[in-house]
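Naming follows writing order (A, B, C, D and E), and every chain is counted from residue 1.
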Amino acid sequence: MEVKEPGRKIPLVGSLEGIMTVFKHSLMKPVTVQYPEEKEYTPDRFRFRIFLKLDDCVGCTLCEQVCPNKSIKMETVKRENPRNKRMIYPDVNFGTCTVCRNCEEICPTDAIYLTHVFETSRTKNSFLYSPEELSKPEDEVVK
Amino acid sequence: MVAMSDWVELNIGPHHPSTHGVLRLKARVEGEMVREVEPVIGYLHRNAEKLCENTFFCDNIIYFDRMDYVGAPGMEVGYLEAAEKLLGVFPPERAVWIRTIMAELSRIASHLIWLAAFGLELGMLTPFFYCFDLRESILTIFVEASGSRLLTNYCSIGGVYQDFNEKITDEVEKFVQDAPKKVEEINSLFIKNDIFISRNKGIGVLDKNVAIEYGVTGHMLRASGVEYDVRKAEPYLAYSKVNFEIPTSTKGDNLARYLVRIEEIRQSIKIISQSIKKLPEGPFFNPKAKKSMMIRLRGDGEVYARTESSKGEFGVYIVGDGGVKPYRVRVRSPSLRNLSVMRELGRNVMIADLVSILGTTDLVFGEIDR
Amino acid sequence: MKTGDPGILTTTLEKALEWGRSNSLWPLTFGLACCAIEMMAIQASKVDISRFGSEIFRNSPRQSDLMIVSGTVTKKMAPRVKRLYDEMPYPKYVIAMGVCVIQGGPYVEGYSVVLGVDRVIPVDVYVPGCPPTPEALTYGLMTLQKKIRGEATR
Amino acid sequence: MSLLSRTYSIFSILGYYASTFITYLIDSIILLLVAAVAIILTIYFFRKYMARVQLRIGPNRVGKYGTLQLIADALKLMGKESILPRLRDDLPYKVAPILVFTGLMIAFSLLPYGSFFWIGDVFISNSGVGIILLFAVLAIMPIGELLAGISSHNKYSLTGALRSVAKDISFEVPMMISVLAIVVMASARTPESLNIASVVSSEILPYGILQPLGLFVFYIGMIARASYSPFDMGESESELVSGYSTEYSGMRFGLFYVGMFGTILLGSFIVSLFYLGGYNGPYQWNLGLIYLLIKAVVVIVISFTVWLTMPRIRIDKFVNLGWKYLFPISVINLILAGFLTLYLGW
Amino acid sequence: MMEFQPGEERGKDGRRIIKVRKEDLVSTLSKLKSEGYIHLSLITGVDRKDFIEVVYHLHSFERNEYISVKTVTYNSEVPSVTSLWKSADWEEREEYDLVGIRFIGHPNLKRLFLPENWVGHPLRKDYDLKNVQYINVDEEGEDYATFDPGDGW
C-alpha cells in the first residue's frame, strides 16, 4: 500500500487551521491530576515496593535464585517461626531492585509481595531493607 | 590558522537536546552546511548481552525490556519468539492473542514518543503534549495489565504473567474507539502545516539500494520502496490471522518516512480492534513454565527469530548449551543499522536538516548500544 | 552586630532565596535511557511538573538548577555527566532517578555501568524504581524542595 | 493634560532645567517599573496560556494560582552564580545582555499609550521623528545578540549569532517598507507624519484594514524580531542548544529571557498602534490605554498560539521568504498605499 | 572437540544452515548475494572456548526466506565482508569490540562501543568481570580506558 503525499493547497490555510486547533484546546478542561492532593486511582496490579510477611516465609531461597540481579539476599533473623526452621529471610536492596515481580511470581507461600507504595525517595543512598524493615510500612522505616 | 579554517568540527552530543539520548555526532561544518557526519555511539553500552549469559531464561526478559524502552512489550515478544523455540515451551492460544495486542499497543506508544520528539525537534511545542496525552491511555492499559507503566515485564516464557480481565478489554476497546480521532488531530497539526512540509519534503532522500546495502529495515526501508515487514514476511504471533496492510512509499525522504509511520499507527489500531474481538477463552500460560519451574527450563541448540519491532527488524539469536542459562545471546538491533546510514544521509545537508533527518530515523539508544 | 550572628536581615534574605530556589527548579534536559521517557512524562499533561515551578526545561547546563540523572550512567558517559555537572552554576541540585543511577540497577553485575552516579557527582535526592512512576519522581522533587528549605526528614 | 505635564507642574518651582530633568527622570523610572511589571505579567500569562493549550494547569503552588512564580524565578536567578567562560571576550560578553535590555526599555519609552482617566495622555517622549527613532532603537537589540554569540567562544553561540544576523537583514527591509506605507498614508492627513502619536490619531480606519498586506509583512517582521517560533533560528533549542545565550547563566541570562518576552509585548503594542487603531476606540473619553491594552492582549494571544503551533523554518528558506516574497509584497503594498492616498484620498 | 565439517544442515526451526571453511566464506556469501540474499541481517560471533564460531544470517526479499552461513576460526581471524555489504562495517566492528574477532580486510577496524585501549573482549568466556576498568576523557575529548579510577571518580 502506497502512502499518499498531501496535495498542493493554498498556502497558510492549513497552518491557520492548526493554530485554530491549538487554540481550541485552551478552552478544554486540563487533564492534570494534581498529585500530592488528588491521588489517581491505582490499579490492583500496580507494583512497586516489596513487602514481606515474616510469618509466611519458609526460607526456601527461591526468590534469591530468581532475582535477576541478586537484589535479594538471604539473611538470618532470630525469630520464632515453626515454618521457617533455618531462620533465613530475604532482604531486599531497593537500590538495585527492578520491580520485576519474579519473586512474587515464584514464591510458594505468597510471603513476598509487591504493593502500591511508591513514595520511597530519600536523601541518603541507603536502600538495603532488612527482613523486619520489609514487613513495616514505608513511613516507619528510618534510615 | 590552517588552510581548512572554514571547516569547523562541531561536536553534537552526547548531551544534546535533539539526539534522542546519548548519541555523539562528529560533524564537519562549513557555515550552515554539514559536510560530513560520523556518529559515535557506545554511551549507553550496558552489557546486556553479557548479563544475559549469567541469568535464567525467564529473567532475561528484563534486559530486553530495557532495550527498546519506549515499546517494551514488543521487545519481550521478540525475545520470547526465540527463547520459546529454543526451550520448546509454547504459549497457549489466548496468550498469543494477548501478546499480539500488547505488541501493537507498544508499537503505537513508541510511534507516539517518536512523533512527540520529532515535533519538538522541529520546534513545535504543543503536539508533544497531545501525543503524551494519547500515550497515557496506552500506559493505563499497561498498568492495568502488568502493573508497570513503561518496562512491563508482562510476557513470560510460555504465556503471560497475568490474564486480561474484563476491565482491560474494556479499556482496549475504548482506546480503539478514541484513538483514531486523536491521531488524525495530531497528524493535522503536522501535515497541514506549510513549514512542516517545506522542512521535510525532499530532505534526506534515502536510495533503495543504499538502504539495502546498509541493512536498513523498518519504516526507513519501507519509505524507500521495499515492502518488507516481518509481520507479513514471516508471520509470528497471530499476525497471519488478522487483516492489515504494509504502508510503503517510493520517495524515500523525510516526509515519506513520516507518512509511513502515521499509516503504521492506523494499521496497528486496526490490528488491535480485530484482535480484541477474536480474543479466545482459555488458559493464559503454559503450566510447564510456572512457579518454581520458571528457573528449571533448559535449552539446547541455536535459534534465530525475527520480529518486527517498532523500529524495524528485531532479531534475537540464542545459543543454548543445555543449561538453565543461555550460552550466547545476540541481538540484531534495527536502530543501529538505521543509524549507520546517517553517514550517507548526513552529507551536504544543513544543520537544521540534520536534526530533522535524525528525527525521522527514530533512534533508541537502549537498543543501539545494549 | 556580632560576627557569627547571621542577623535578622541576612536570615530573611536567606529564607527568601531558599524559597525562590525551591520553587523555581529548572531542570536540565538530560535524558540518558529508559527513565528519560518517564522524565518527559512528568512534563506532560497528566502530571505536569510546572505546577512546582519546574516548567522550563533548559537545554543549556548554564541556565539550569536541577539535573535529573535519568537512566543508566555508563563508564563512557560518566566523565561527560561530571562535565555537565561542572558546567552548571551554583546552587545546583541532582536527583538520581531510577535504580541504575542509585546503585547500578539491573546492570549491577556488568562491566560497563557505573554503580551509582554518586561516585561521580554529589546527589541530593535518590528516587528508586525502575523506572519510578512520574508520581514517585514528583515526590522526589518535593523531597528536594523540602531539603532546600531545610525541612527534609528522610 | 498628560503625565509629563502633571509631573512637570509639581516640580516647576525648581526652575526650567531642574524640573525638566526631574520630570523625565521620574517618568522614566515609572515607565521602567510599569514595563517590568508588564513583562512579568506577560511571562506569567504565557506560562498559564501555554499550560492551558497543552491541557495542563501551569504554575499554581506559589501564591494564589502561582502568581508569585515569577518572583521566585527572579529571586533564584539573582542568587545564582554567574559563570564567566574562560575564553570569553570580556567587554562584549558583559555588555551584550545589558544592551538587549536597554534597547528594549528605550523602545518602550518612545511609544504613546493613549489617555487614561485623570492622568491624561501617557507618554514619555513625543518626538517628531518617533518612527525613525523607534526602529533605530529596535536595531540595537540584534547587536546585543550578535555580541553575545561572538564573545562566548562557543560554536553553537557563534552559529546562533550568525543566524540572527542573517535573519535580521532579511526581514528588516520589508518591515521598514511596510511602515513607510503607513507614513505615506498618514502624510495626507497630518503634517507630522513621522510622529507616532499623530499618525495614530489621524487615522479614520485602522491601517490594518486599509493595508492587510502591510499588516501581514509587519507582523511577520515583529515575530522575527522577537525571535520565537517559527522564526527562532537564532536560539533554536533542538539544533543549537540555546543559540547565542548558551553560555549565559544567572541574571545575565535572565536579561535575555526578559528581553525576549519584552520584545513580544513591545511588538504587540507596535502592531496594535500602527495597524489596529491603537488607542482609538468607540468612546473617546480617556479610555485610550484600555483600548490599547485590549488590542495588545489579543495580538499577544495570537502570537503565543503561533509560537506554540508552528515548527521552525530553516534559515535559508527564511532568507528566501524575506527577499522573494515579503519584499515584493511590501513594495506592492507601498504602491497600493500611494495609490489610495493620491487618487482616493483615504 | 567436535570436528568441523563443511556442508548443509537444517536448524532447530527448520532453516538452512550452510557450513563453510573460512577460506570459502567470501565466495559463498557473494554467490548467495547474487542468488538474491541481499539483506545481511546479522553477524554473530560465538566464543566456543576452543574456537570461535561466526554466523551470518541472510535474507532474500524475493524468495522471502532466510538462511544462515556458519564458519569457524581457531585464531580469531575471519575475512571481512565489508566489500559485499556496507552494513557489515559496523557489525564487524561490534563483533571485534565484544568478541574479539579480527576481520581481515576491514577498512576501519576500531572498537565500536568501548574505548580503543579497553583490555579484553567482554563477550569472551574467559573475560574477567572482577577486573574493573574505568573510562576517562583526555584533553582532546577522546576516551581511554584505565584501571586506575583517578580524577573525577
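Here is the rule we use: a contact is a pair of C-beta atoms (placed from the backbone, for glycine too) under 8 Å apart; a residue touches a chain by one contact, two chains touch by 3 or more.
The model shown is predicted, which means the values in this text are computed figures rather than measured ones.
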Chains touching both subunit B and subunit D, listed by label: A, C
Most distant chain from subunit B, judged by the mean position of its C-alpha atoms: D
Label of the chain whose CA centroid is most distant from the centroid of subunit A: D
Chain centre separation (subunit B, subunit E; CA means) in Å: 24
Subunit C-subunit E separation of Cα centroids, rounded to whole Å: 40
Whole-Å gap separating subunit B and subunit C, where each centre is the average of the chain's CA atoms: 29
Sequence positions of subunit B contacting 2 or more other chains: 17, 42, 45, 47, 50, 62-63, 126, 128-130, 133, 136, 151, 189, 193, 195, 369
Residues of subunit D touching at least two other chains: 51, 53-57, 237, 241, 308-310
Per-residue multi-chain contacts in subunit E, two or more chains: 113-114, 122, 127, 129
Chain-to-chain touches, reported pairwise for every pair that qualifies: A-B, A-C, A-D, B-C, B-D, B-E, C-D, C-E
Subunit D to subunit C touching residues, read off their complex: 47, 51, 54-62, 66, 69, 71-76, 79-83, 237, 241-242, 245-250, 253
Subunit A residues within the subunit C interface of the complex: 30-36, 39-40, 48, 68-70, 93-100, 118-125, 127, 142-143
Subunit E to subunit B touching residues, read off their complex: 11-13, 15, 38-42, 44, 46-47, 55, 57, 61, 64, 66, 68, 85-87, 89-91, 94, 98, 112-114, 122-123, 127, 129, 141
Subunit E contact footprint on subunit B (complex, rising order): 11, 41-42, 45, 47, 49-50, 85-86, 212-217, 226, 228, 233-234, 301-306, 313, 315, 317, 319, 327-328, 330, 332, 336-337, 340, 369
Residue ranges of subunit D touching subunit A (in the complex, touch as defined): 49, 51-57, 305-306, 308-310
